[in-house]
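Scrolling down, you'll hit the structures one after another.
In what comes next, chain A is part of two complexes: it sits with chain B in the first one and with chain C in the second one.
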Partner chain A sequence: MESNLKARIRPGQARRKQRTDRTVRAVFFLAALISGSCIVLITLFILMKGIQPFLPGYAYGSVSLKDFLLGTLWRQDQGVYGVGFIVINTLISAFGALLLAFPIAVLTALFIVKIAPKPVKPLMKTVVELLASIPSVVYGVFAAGVITSLVKGLASLAGVSTAGGSSLLAVILLLAIMIFPTITSLAVTAIEAVDPDLELGSLALGASATQTHFKVVLASAKSGIFAGAILGLGRAFGEATAVAMVAGNKLFGPTFNLFDITRTLTSTMLAGLKETTGLDYDIRFSVGLLLMVVILLSNLSLNWVKKKVGNGQ
Partner chain B sequence: MGNLFFNRFLTQASFSVNRSAVNWELFKKGMNEMKKLFVFVLTALLVAGCSTAPKTDPTEGGTATPSASAAINVYTRDATSGTREAFEKAGDFAEQLTSSAIEVSSNGDMATKVGADVNGIGYVSLSTDFAANGVKPLNFEGVAPSEATVLDGTYGMQRPFAFTTRAAGDYESAEKEQLIAAFLDFLQNSTEGMLVVEKAGGVVDKSQGKAWAELAANHPIVNEDNSAITIATCGSTSVEKTLKAALEAFQPLAGNFQFTMNQTGSGDGYKRVLGSEKDGANRADIGFASRAFKSGEEDTSSAMASGQYCIDAVVTIVNEANTAVANLTQAQVHDIFTGTVTSWDQIQ
Partner chain C sequence: MKTNRMPRVISDRFLQLLTVLSAALAVVVLTSLFVYIFSHGLSLINADLLRSDYWSLSKIVALDETRNQPGSYPRPENLGAEVAWSEKWGVGFVDHLSHEKKQLVLIEAVAENSPLASAVDTSSGANQGKPVAMSAGLQVEKIDFTDASGTADFTGMLASARAAEVAETLDQSAAKLTSMFIKTPGGGIRGSLVSTAYLILVSLLIALPIGIASAVYLSEMAKKNKVNAAIRTGIETLTGVPSIVYGLMGVSVLFPITAAMGAKTTNILLGALTMAIILLPTIIRSTEEALRVVPQGLRDASLSLGASQTQTIFKITLPCAMPGILSGILLSIGRVVGESAALIYTMGTFINDQPGLLKQGTSLAVHIWSVMSGEQPNFELACAISIIILIFVLILNLTVKLLSRRLQKSFR
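For the complex of A and B:
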């Protein structure tokens, strides 16, 4: 027995183990370095390309930063590049989608975790995961075929005309469907992680199951649910292909009418990207840069809200 | 650091696994209330879904007709599109397009969207399948768009894809000169070349085509290994699609030569093969223009070969249910697309 122990802590073997640890640590570090440097590289590249058009001495005639940021007209053919209204449109469509998808997603998550009968639960989870994995272009085709005709019908009921259903409302509905699974799956994880003792305590104090679900479970899980909302919002901001198919890409704005066509930052970057050169090409990097700033600011403000309502969780 | 994260991840994962099983047993009894609520919400959603769905039917497809006073929805391609360039030139409204235009992403997208909008008006290339998309092609200045009217020149919304080469003898090698002559023969005169160009969207007169096997006899160079020769093209960006298709089709037929395309705009087509930049860094062997070369300014008489290899035709389209309009003059196209005319009854 003793000799056995001695063999186990032989100095050579310990060194070998330490070496393995060091190697594994180095591999992990390398992985972290690669993923981290990707972010840095992308940001630097976009920054360098995106700032170009505003610098004096730019090859295709520099653009005024003020006109770019506050502009309400985007006309490539006339050389007018104003994104102010596009930023507003992007915020409206993304937050509109969040407003629509968030309550449905949270209630769905609550249903899946707490209410659904045992056999239904995995089924629902699979459905949500399937929804999350559908490629955006498929959503786009669906939106162009189904959502637009739905919106067209709604518009004719309301007595207004739409451009064949392409509208702000169609964009919001499409984005709401797209971000719903993201928020739901994160909310499911958050709700599952709530300490069961909390619920038992609530029930023991005489609260009904419904009261417990809304006041104890959701309240304890709100930090994780907010994380889902932030991720969902990110997807709504970043979606280009599907949105471009139903937005109508208005040349001026901003758009506040639900049945009017709109234009988002991503659809602006995408339109004609493959066939363009010069300023019209470079300015797309500026739009991308602006989009990153918009996403960052929205995430920061949502995080701030999360801290406020999360009571320091 | 890494270890810490990993540990935390493990504990969290195992927690959530334990939990769900306990919950179900404990809360089974308290669920009725919530269940009712959800059944109610689900039913409400279902009812809402069913009741809105049929209402969309009457407006779908081509059953509805636009009222004469309805506003016109103008559709446009994005600013980089060659079709848009051709159409704006034909309607004489470059840079004056109305800002309320709806921008679509491709030729097919245009046809689909106008096909779904009874008040829509847009433009597509002649090769589009009108009926399948539910759109109706409009006459221009009284002439119906078709291959025949485009070729005889009566249909006005068209532009030629013209080419010119360097002057005879002004090439790096005699082999290259012969190869270029062979390619242009293939592009202009062979049935194979015409089919490739047509497939890429150009209008060609196939009745003039000859089999390439017959034409190839005049070009012994195509039987050599030409992989060391690189043909450089320049000029119009609009020709890119048809030209690239033709070059790629010709490569295996002519000893796998190489090619580079530097398409920057019709203005450079003449300049870089015969004009001021013909010996500069951007020199090219064949220059292209999506218009006829300007007589006087762009004199192609010294070129080894010049001419046109196909025609690009654009067609104005409206929804097939639209009975308000069947023919447009250039002035009407101008007025509609610049936003001067905004409703169907303003078109006489």
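For the complex of A and C:
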């Protein structure tokens, strides 16, 4: 009996097991560390390459940071890189898209959760999921084919001219379509999470179902809905290929006319990408850096607004 | 009270109508997108599109002097009625409408012992002097010949002849074929399909182990401390980075790695490495979600039976979380197929028919960007590729839905 036990309990085996456990834990920690430090690497390298053109001793002739940030002319062929108007254009198109998509997305979310009859509900959810899963380059083809001709039609109705439909309006419409599923799905989650007791209380006080939906449900879900808007705005800022297909790449600006061509930070980064050295290439890193700064600042300010209007969640 | 009721009913109805209209707008946008893409691209979808190269190669070929004379080659019986057969030269032509709606004359069949089977490439280049296989599908641009009296003449697409006319002219007047100008069919997406496959394979090969290990560490092993919280924040921030910024990162951080392996330009491996980083948050999140669904009781049971933590993870937890990990893989594939901005920077926009890991190439999405950003945007081809991408992504998403339902069900 005793000899039987001894054969099974082997202290060496337990130690070996613990050792493998420790090694596996270390390897997995290393993997997590790699994943977590990617963002640091990205920020660091783009920061380094992005500020290079403004530093003295830059190989391809230095650019003045002030002229870069406040400039209103972008001529790659002449070596003039002013990005100020492009930032304004980017802000206009992204916030314009948000302004257009936000109410429609919130209303759609309300429809999906509260108003739609039971068989329609999963159908609408699928529609939103499908819209979210379509790659941006496909949206670009759609925008170049359909939205531009829509804009052309609108322009001829209004009696103004457009450059084949590529315009600020086309960019805004395209971005609105692209951020719509993001905002809607987050709003759906937020509305579904609203405490049913709140609704019952409102109904018991004599409010109609619709009044409850708009005044109680939306009000208590507003923090989550706002988070969706922030996420959507981030997507609108960062969208590149689809926007570049309909923006039109204006050389100066800023563009306030809806039917005029425009230029965003992302479309600038994609335009005329040929060589992989030189100022014209390096300056794209500066534009990318600026894009990250714009996204960060707008996120921070929107989060501040969210805290002010939200319900402390 | 009664006087107040009417306006409330009206305003309620109005607000309700607004929500219905918004939802309807979403449906309209989705349908119009599908209708547009499918109506413009469907005519191009066929096996040829998937099989053929994008660039068409021009070749000038000459025939072997000793065999360059008309003979008698009976029409093969298995040829369709639409093939125009030249009995003296043993070659059959067909009419064909190209992607760009151009009338083409294609070679359909060549008799085994026909003079044309001895064709040799005479255009300058590496292939000069090598035999050219006269295979079906080659475009007949021009055939120069001399007739019985020695007068030179030509026929083919440059003479705006149709298949029947080409065969007839050859049979009636050609005594000797001086040279032939032929083109291989182009406009296909074979190269991009191969590049996309490379991209998916390599990026998953890198991202999967790192991603799954990170997820296991974060959800199974990590204690609550500042380092782990920082790692988590870092990974979450990764999701918010626009893809074009990943492209910049790829060419600045990762390019030296591929350069050390011998790459001189942007290349597919660079694109795959960049995609691997883009995929990390997706894989980590879906793996973590799957691990969370696995009941704690299973882990406890395994540990109490004497298994070590490593054994528990590899033999109990991960196999149970498999459907969730699989859906993460599928979502990642969808992301790779749809990605464009980051890849434009890291792989370039040159459509390569012979892609290799360290060579330039385009994924399907970048192929669309390439044909759309030129002087003459090719909407038909762009829509056709879009259809392929859409169907692919839709199937992936449906499978993910089914998988996640199965994962939820198996532990309820």
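Heads up, the rule we're going with is that the second predicted complex is superposed on the first by the 274 of 313 C-alpha atoms of A that agree within 3 Å, B and C clash if a C-alpha of one lies under 4 Å from a C-alpha of the other, contacts with A are read in each partner's own complex, and residues count from 1 in each chain.
Note that a residue touches a chain if its C-beta (ideal position, glycine included) is under 8 Å from a C-beta of that chain, and two chains touch if they have at least 3 such contacts.
Only a predicted model underlies this, so the values are computations on that prediction, with no experimental measurement involved.
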Report clash or fit for the pair chain B and chain C bound to chain A in the combined superposed model.
clash
Looking only at contacts as defined up top, I'd like to know whether chain B or chain C touches more of chain A.
C
Is A:Leu203 in contact with chain B, with chain C, with both, or with neither (first, second, both, neither)?
first
For A:Phe111, is the partner it touches chain B (first), chain C (second), both, or none of the two (neither)?
both
Have a look at where A:Ser149 lands relative to chain B and chain C in the superposition and call it first, second, both or neither.
first
Based on the superposed arrangement, let me know which partner A:Ile42 touches: chain B (first), chain C (second), both, or neither?
second
Of the partners chain B and chain C, which touch A:Glu192 in the superposed model: first, second, both, neither?
first
Is A:Thr20 touching anything from chain B or chain C once the two structures are fitted on A? First, second, both or neither.
second
After lining up the shared chain so the two structures overlap, which partner does A:Phe28 touch, if you call chain B first and chain C second: first, second, both or neither?
both
Touching A:Phe180 in the superposition: chain B (first), chain C (second), both, neither?
second
In the superposed arrangement, which partner chain does A:Arg75 touch: chain B (first), chain C (second), both, or neither?
first
Superposition clash, chain B versus chain C, among 6-14, 150-158 or 204-212:
204-212
Footprint intersection on chain A (chain B / chain C) at 25, 28-29, 107, 111, 115, 144, 208-210, 213, 244-245, 270, 276
Could you please specify the touching residues of chain A with respect to chain B in the complex?
25, 28-29, 73, 75-78, 107, 111, 113-115, 118, 121, 144, 148-150, 152-154, 156-157, 161, 163-166, 189, 192-194, 196, 199-200, 203, 208-210, 212-213, 244-245, 248-252, 261, 263, 270-272, 275-277, 280
So in the complex, the part of chain A that touches chain C is made up of which residues?
17-18, 20-21, 24-25, 27-29, 31-42, 45-46, 49, 103-105, 107-108, 110-112, 115-116, 124, 127-131, 133-142, 144-146, 177, 180, 184, 208-211, 213-214, 231, 234, 237-241, 244-245, 266, 269-270, 273, 276, 284-285, 288, 291-292, 295, 299
Chain A partner contacts - residues on chain C that touch it in the complex:
8, 11-13, 15-16, 18-23, 25-27, 29-30, 32-33, 36-37, 40, 209-211, 213-214, 216-218, 221-222, 228, 230-235, 237-238, 240-246, 248-249, 251-253, 265-266, 277, 280-281, 284, 308-311, 313, 334, 337-341, 344-345, 349, 365-366, 368-369, 372-373, 377, 379, 382-383, 386, 389-390, 393-394, 397
Touching chain A in the complex, chain B uses residues 2, 12, 15-16, 19-20, 22-24, 26-27, 29-31, 33-35, 37-38, 41, 52-53, 55-60, 70-71, 73, 75, 78-82, 88, 94-95, 97, 99-105, 109, 112-114, 116-117, 119-120, 237, 264
